[in-house]
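Consider the two complexes below, in which subunit A is the common component and subunit B and subunit C are the respective partners.
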Partner chain A sequence: MSTQNRWLIWIFLAPTMVLMGVLLYYPMIGTVVESFYDTSFISPEPRFVGWAVYEKVWNSRQFPQVVWNSVVWTLGVVLLQNLLGFFVAMLLNQGLPAQGMLRALVLLPFVLPGVVTAILWRFMYDPQLGLINSLMIRLGLVEDNAAWLASSDTAMAAVIFVAVWKGFPFSMLIFLAALQSVDRSQLEAATLDGAGPWRRLIDVTLPAIKPVILVNVVLTLILTFNYFDIVWVMTRGGPQNATHIFPTRIFETGFGQFRFGEAAVYGVFSILILAVLAALYVIVQKTADGRRRTA
Partner chain B sequence: MTQSPQTRAVLMLAQVMLALFILIPFFWMLSVSLKPATEPFAIPARLWPADPTLENYVTAFRPEFRTYFLNSMIVSGSTVVITVTLALLAAYSFARGTLLILSGLMALVVLAQMFPHSAIIIPIYKLMRAADLLNTYASLIIAYVSVTLPVAIWMLRGFLLKLPISLEEAAAIDGAGPLRIFFGIVVPLARPGIIATAVYVLIVTWQEFLFALSFTSTQDMRTLPVGLNDFIGQYGIRYGELMASSVMVSMPVIALFFFLQRYFVAGLTAGAVKG
Partner chain C sequence: MKTILLTTAAALGLASAAAAQEVTLQFWDNQQTESGLSEFQQAAVDRFMAENPDITVEVTTIPYPEYQQRLLTAVQGGNAPDIATLDQIWVAAFAQAGAVADLTDFAAGAGLSRDGFFGGAWDSAVVNDRLYGIPFNVDVWQFSFYNQDLLDAAGVAPADLTTFDGLRTAAEALTTDGQFGVGLFGHRGEDTVVVVNSFIFSNGGEVLNAAGECALDEAPAVEAMEYLQDLAQFAPDGILNANSGTMRELFLNGSLAIEFWPALEQPTLQASDINWGFVNGTAGASGTAVGTFGGWNLAVFESSANKEAAQKFIEFMVREDVNGDVVDLIPANVAAAEAFLAENREGPEDILAHLGNAKPRPLSARYLEVAEIQMTLYQDVFSGANVAEAATAACEDIDALN
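Moving on to the complex of A and B:
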C-alpha cells in the first residue's frame, strides 16, 4: 500500500478497533471497576465498597474450592487431550489403510456443538438409561448403577473425560500438521543409523515438533480454563460444588443471583490467571519463532 | 516406512478402537433418536431399534424448536457476514501496512483472543442494558462479532501474508486505485481463507451458549443451544425427542464442515504450524 493510501488502512481498521475497544477492552476494565462495587438482588443500585467484596470472596468456603477445581479441571483436560491428540496424530501418520477417512471422522466431536455434546454425554452417564452403565454391567465392571455425575467423587473425572473426547481432535489436527512437516531425510538417516521407532520418536520427531507441542499446550490451557457450556449443562457446578470452575461460578453468582460485584471479583481473579498464561504463550511463541529462524 | 505384520495388526486394532471411541456416542444418539416411544431403552437395551421411526423428529420439530432454529440462523448468519467482512478489511491493513503502530495493534488483537468471556460478560451485559438491546438479535450479533473478530483477523492475516504482493504492485503501476486492487485482486485470491474463516465463525456462533443464555430472557428470542438446554428440564426423561433435537441441531454444522473441511483444516493449522 503506497503512502498516500495510508488513510485506507485506518478506514479499514476503524470498525474493528471501535468494536474491540468497546466490547472487549472496555469490559476488561469494567470488570475491575465492578469488583469494587456491591450489588445484590435486593439492592440493585451499585454501592462502592472498596476491597470488601474481595475480602468476602477470599474468605468464603467456595473460593478455594473453585480454585482447586479449576486447577484439576484445566490440568486434567490439557494433559489428557494433548497426550491423546499426540498419539492419535502419530497413529494416523503411519500410512495405514482407511487413514484418510479416519482423519476426517476424528474431527466429528470437535464440530459437535458443545451443548449437544453435554446433553449426549449426560444421557450416556445416566445411571439407569445410559449406555455406559449398560455396557459396564454387561462386561461385569460395575454391579450397581453408578451415578457418575451425581456423585462428587466421580463428577469431575466424568466431565473431564467428555471435554477430552471433544477436545483431542483439535490437538490431533495441529500435531498431525507438525508431524507432516518433520524432515523425512532426517528420519531416514536415523533409520540407516539403526534407530528403532522409539529412538526416532525421541531423537528426531519430538525435538523437531517441540515448539508446536509447547504452543499447543499453552493454547489449550487458555481454552480449557475458559470453558463454560459442557460443565454448566452437565452438572451446573454440582454436586456440592464439586465441578464449579471459574466460568460457571461467575455465571451463577452474576446471572443466577445478580451479585455482580462478587462475580466480578471471580472475573478479576480469572483475568489475572489468564494474564499469566497469556504471558507464557507469548514467551513460548517467541522462543518457538526464534528457534525456527535459527534452524 | 515399512512395518512388520505384527506392528501393523496392532496399529490397525488401535485405529478400530479410535473409530469406536469417536463413533459410539454418535451411534447412540442416532439410535435413541430413531427409537419408537414404545420400545424401552433401559438395560439391557437393544443397541439399534427393532422398528426405526422418525416419530421423535416429528414431535421434536415443534413450534418452539422452529423458532430457535430460525433465531440461530439469523444470529449466526449475520455474525458470519459481518465478522468476515470486518476481519478481511482489518487483516488486509495488518498484512500490507508497514506502520510500526500496526504491529502493536496486532498484538492487541492476539491478546483479545484470550479474554475469558465469563470475565467480561457483566460489563457487556450492562452496556446492552443501557442501549436497551437486551433480548434482541442485535445484542447477540454485536457480542458475537466482537468475540469472533480477533481469531478471524488472525486467520485471514495468515492467508493474506501468503499472497504474492507483486500482483497488487503490478495493478497499481497499471493505474488501478486501492479500492479496485482490494476488491478486484485481493478478495478473489483470498477466497479459500475467507471460506475457512466463515466456517470457523459459524461453528463457534452456532454453539455459543454463555452470551445467549445471559442476554435472552424470553422463549421467542432463544437460540438453539439455550433452547436445547431448556428441553432437558421440560422433557428430561423423553430422551428420544432430546436426541432427535440434538441431531437436528448438529446436522447443519457437521454437513457444512464435511463439505468445506479442506479449507477449514488448512485455515486452522496455517497459523499454528508456520513454515
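Moving on to the complex of A and C:
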C-alpha cells in the first residue's frame, strides 16, 4: 500500500473516529472520571474522593440486589429468548403453508417499541382488569387475582416473560437464516444413513450453525443487559427493588435522585461487564469467521 | 453632509437601542392533565406580549413524566430556559445547586408576599431565608373521593370516612366480592409518598422534625403506618405496583368505593357517570385531617440573560386576573384560587380549608433522596414488614444523609 493510500484511509476514517470519540469514548471516560468525585446536582463543584463512592455503593443494600437481579434478568431472557427463537425458527424452516405470513406475524412483537410493549403488558398483568388473570382463572390455573408485578416473588419472572416475548423474533430471524444455509446434501446423507429428526438436529444442524448460535447468544447477552424501557415502565425497579437492574438503577440514581457520582459508579460497573461481554463477542465472532474460512 | 451623518447615526442608534430592548423568553412548563392547558397558557402569553410588545415569550410544554429529566439535562448542559415551573420538592435542590435566581428583592419590589399566596406553597420556595420561586399552582393530597351509590348500598355515611376508625369500618363494609373498599397504592412514586405522609401528618406525626432529623420512627408515624398496613387488606390486589392512576380506573368502573386524589381529580369525575362526592382526608389522633401540599413554583434560571423580563412575566402569570387561566391545578394566588374553585370545583370551601391545613413535604435540598428511602419504607410496610423495625432502618438511612 502506498503512503498516499495510507493517508487516504486515515482521512476517510477520521470523521467516524471523531464521532466515536465525541459520542462514545468521551462520555465513557467522563463517567469513569466522575465516579471518583463526590458530585451531585446540589454539589456541582466536584470533590475528589478516590474510591469512597465505590465503597459506598459496594457496601449498600441495593448493590448486591442489583447485581443478582441483572444476572437473573440477563441469563433468563437470553436463555429463553434463544430457545424459543430456535424452536420457532425450526418450525418456520419446515416449509409450512403460508410461511411468509406466519413469519410476519411472529415478527410483530419485535417491531413494537419497547415502551408500547411494556404499557400493553402492564395492562395485561393488571390483577383486577388484566387479560392474564382473566384467562388463568377461566382455565382454573389460579383461583384469585394474582398480582404478578406487585409481588417480589413473581415480578422478575413477569418482566422476563415480556422481554422474551418481545425479543424472541430477533433470535428467530438469525436462526432461521442460519438453518436455511445448512447444507441439504448433508441432511439427506444423514437421512439415508438412518438418522431420525433428533439425530439430524444433534449431529448435522447444530454443529453447522454453532458459530451463529454463539454469536447470537453473546449479542443478546449484551442487548439484554442494557435493556431499560420494559423494566422501567412495568415496575420502575420494584416491588422492593426486586426488578432493579443496572440501567434502571443508573437512571433512578442519576436522573431521579441527582446523585451523579453514585450513578457513575454503577455506570462503571456496567461498562466493565459490557466490556467482558463485548470481548466475548469479538472472540466468538473471530472463531466463527475462522471456521467459515476453514469450511 | 453633516446632517446626513447625524441622521444616519441617530437612526442606527435608535435601531440598536430597539434591538437591545427586544427580548425573547423561553418558558417551560409541564402538563399533568388533558385540560387544554397549552391553549389557555398561549392566550395568556399573547396577552402578556400585547401588554409588553418588547418581550416575546416562547412556551414549551413538556409531558409530566419526562419534565424532570429534560429540565435537569438542560441545566447541566447550560441550556436552561429563562423561566420554568419547578415542583415544590425540587426548589431547594435547584437553589443549592445555584441554578435558579434569588427572587427575594424582586418579590418585595413587586409587592408579592406570603399573604397573597397559600402559606405552604410560599414556604416551599424559601431556602435559607431567601426566596427562589413564586408559587404558581397548588393542590393537596389527598381528598377521599367516594362512590355514593356503593356507600349507600353498604350503609356507610361520607362522614364515616373522615376518621381512622371510621374509614377502616367503612372499608371493611365496602369490600365484597369483586369490589374494593379503599384505593390504597404503594408503587415507587411520589403519589405513594404524599398519601402515606398525609396519614402520618393527620396522626400528629412528621417525616423530619424541626431539627431536620427523621421522625418516621416516632410513635405517631409508626401508628399511622401500622394503620395503613391493616387497611391495605381492603385495597385492590397488587398494591406494590399500583398507583393513583390504577385506582382511578377501578373507581371509574365502579369496582372501588374510595379513591385518594387531589382536587385535580374533579374534572375527570365530573365527566364520568359516577355518583361521587368527597371528604377532606382522614383524621387520626390529631383530630384534624392534614394533607400533603403539592404544586409548582415559577423560577428564573441563573443563566438567563433576561432576568428582568422574566420577573415581569412571572409577576403577570401570578396576577389575580391571570393565574386562574394558566394552571390545571389550583392557582397559588389565593384570590385567584377562590374565584377558580367557585367556578370549576365542587366544594370550594372544603378545598380551601384542606389547603389551609396542608403541610409541605420536607423542604430539603436532599428531598429526593429522603423520598426514595420513604418509598422503600412504605413498600416494606405494605409488604407486611414489622413497621417499627422498618421505620428505624429508614431513619438510619435518612439521618445518614446529613
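Following the convention adopted for this analysis, the second predicted complex is superposed on the first by the 278 of 295 C-alpha atoms of A that agree within 3 Å, B and C clash if a C-alpha of one lies under 4 Å from a C-alpha of the other, contacts with A are read in each partner's own complex, and residues count from 1 in each chain.
One rule holds for everything that comes next: a contact is a pair of C-beta atoms (placed from the backbone, for glycine too) under 8 Å apart; a residue touches a chain by one contact, two chains touch by 3 or more.
It should be emphasised that the depicted structure is a prediction, and the values quoted were computed from it without experimental measurement.
Chemist: For the three-chain arrangement built by superposition, which of subunit B and subunit C touches the greater number of subunit A residues?
Modeler: For subunit A, the partner with the higher number of touched residues is B.
Chemist: Pick one for A:A177: touches subunit B only (first), subunit C only (second), both, or neither.
Modeler: A:A177 sits against subunit B, while subunit C stays out of touch.
Chemist: Give one of first, second, both or neither to describe whether A:Q240 is in contact with subunit B, with subunit C, with both, or with none.
Modeler: Only subunit C; A:Q240 stays clear of subunit B.
Chemist: Who does A:A52 touch here: subunit B (first), subunit C (second), both, or neither?
Modeler: After superposing on A, A:A52 lies clear of both subunit B and subunit C.
Chemist: Could you look at A:F255 and tell me whether it touches subunit B, subunit C, both or neither (first, second, both, neither)?
Modeler: After superposition on chain A, A:F255 lies in contact with both partners, subunit B and subunit C.
Chemist: According to the stated criteria, A:A190 is in contact with first (subunit B), second (subunit C), both, or neither; which is it?
Modeler: Once the two structures are laid over each other on A, A:A190 reaches no partner at all.
Chemist: Which partner chains sit in contact with A:V217 here, subunit B, subunit C, both or neither? Use first/second/both/neither.
Modeler: After superposition on chain A, A:V217 lies in contact with neither partner.
Chemist: For A:L129, is the partner it touches subunit B (first), subunit C (second), both, or none of the two (neither)?
Modeler: both
Chemist: What part of subunit A is shared between its subunit B contacts and its subunit C contacts?
Modeler: Looking at subunit A, the two contact sets intersect at 128-129, 255.
Chemist: Touching residues of subunit C toward subunit A in the complex: what are they?
Modeler: Where subunit C meets subunit A, its residues are 68-69, 72, 75-76, 93-94, 96-98, 186-189, 236-242, 246, 249-250, 253, 255, 365-366, 368-369, 372, 376, 379-380, 383.
Chemist: Write out the stretch or stretches of subunit A touching subunit C in their complex.
Modeler: 41-44, 126-129, 144-152, 155, 235-241, 252, 255-259
Chemist: In their complex, what parts of subunit B are in touch with subunit A?
Modeler: 1, 3, 8, 11-12, 14-15, 18-19, 21-26, 28-29, 32, 41-45, 86-87, 89-90, 92-93, 96-99, 102, 105, 108-109, 111-112, 114-127, 142-143, 145-147, 149-150, 153, 172, 178-179, 203, 206-207, 209-210, 213-214, 224-226, 228-229, 232, 239, 242-243, 246, 249-250, 253-254, 257-258, 261, 265, 268-269, 272-275
Chemist: Touching residues of subunit A toward subunit B in the complex: what are they?
Modeler: Those residues of subunit A that touch subunit B are 1-2, 5-6, 8-10, 12-13, 15-17, 19-20, 22-28, 30-31, 34, 88, 91-92, 94-99, 102, 104-109, 111-116, 119-124, 128-129, 131, 133-134, 137-138, 165, 170, 173-174, 177-178, 181, 187, 191, 212, 215-216, 219, 222, 225-226, 228-229, 232-233, 246-247, 250-251, 254-255, 260, 263-264, 266-268, 270-271, 274, 277-278, 281, 292.
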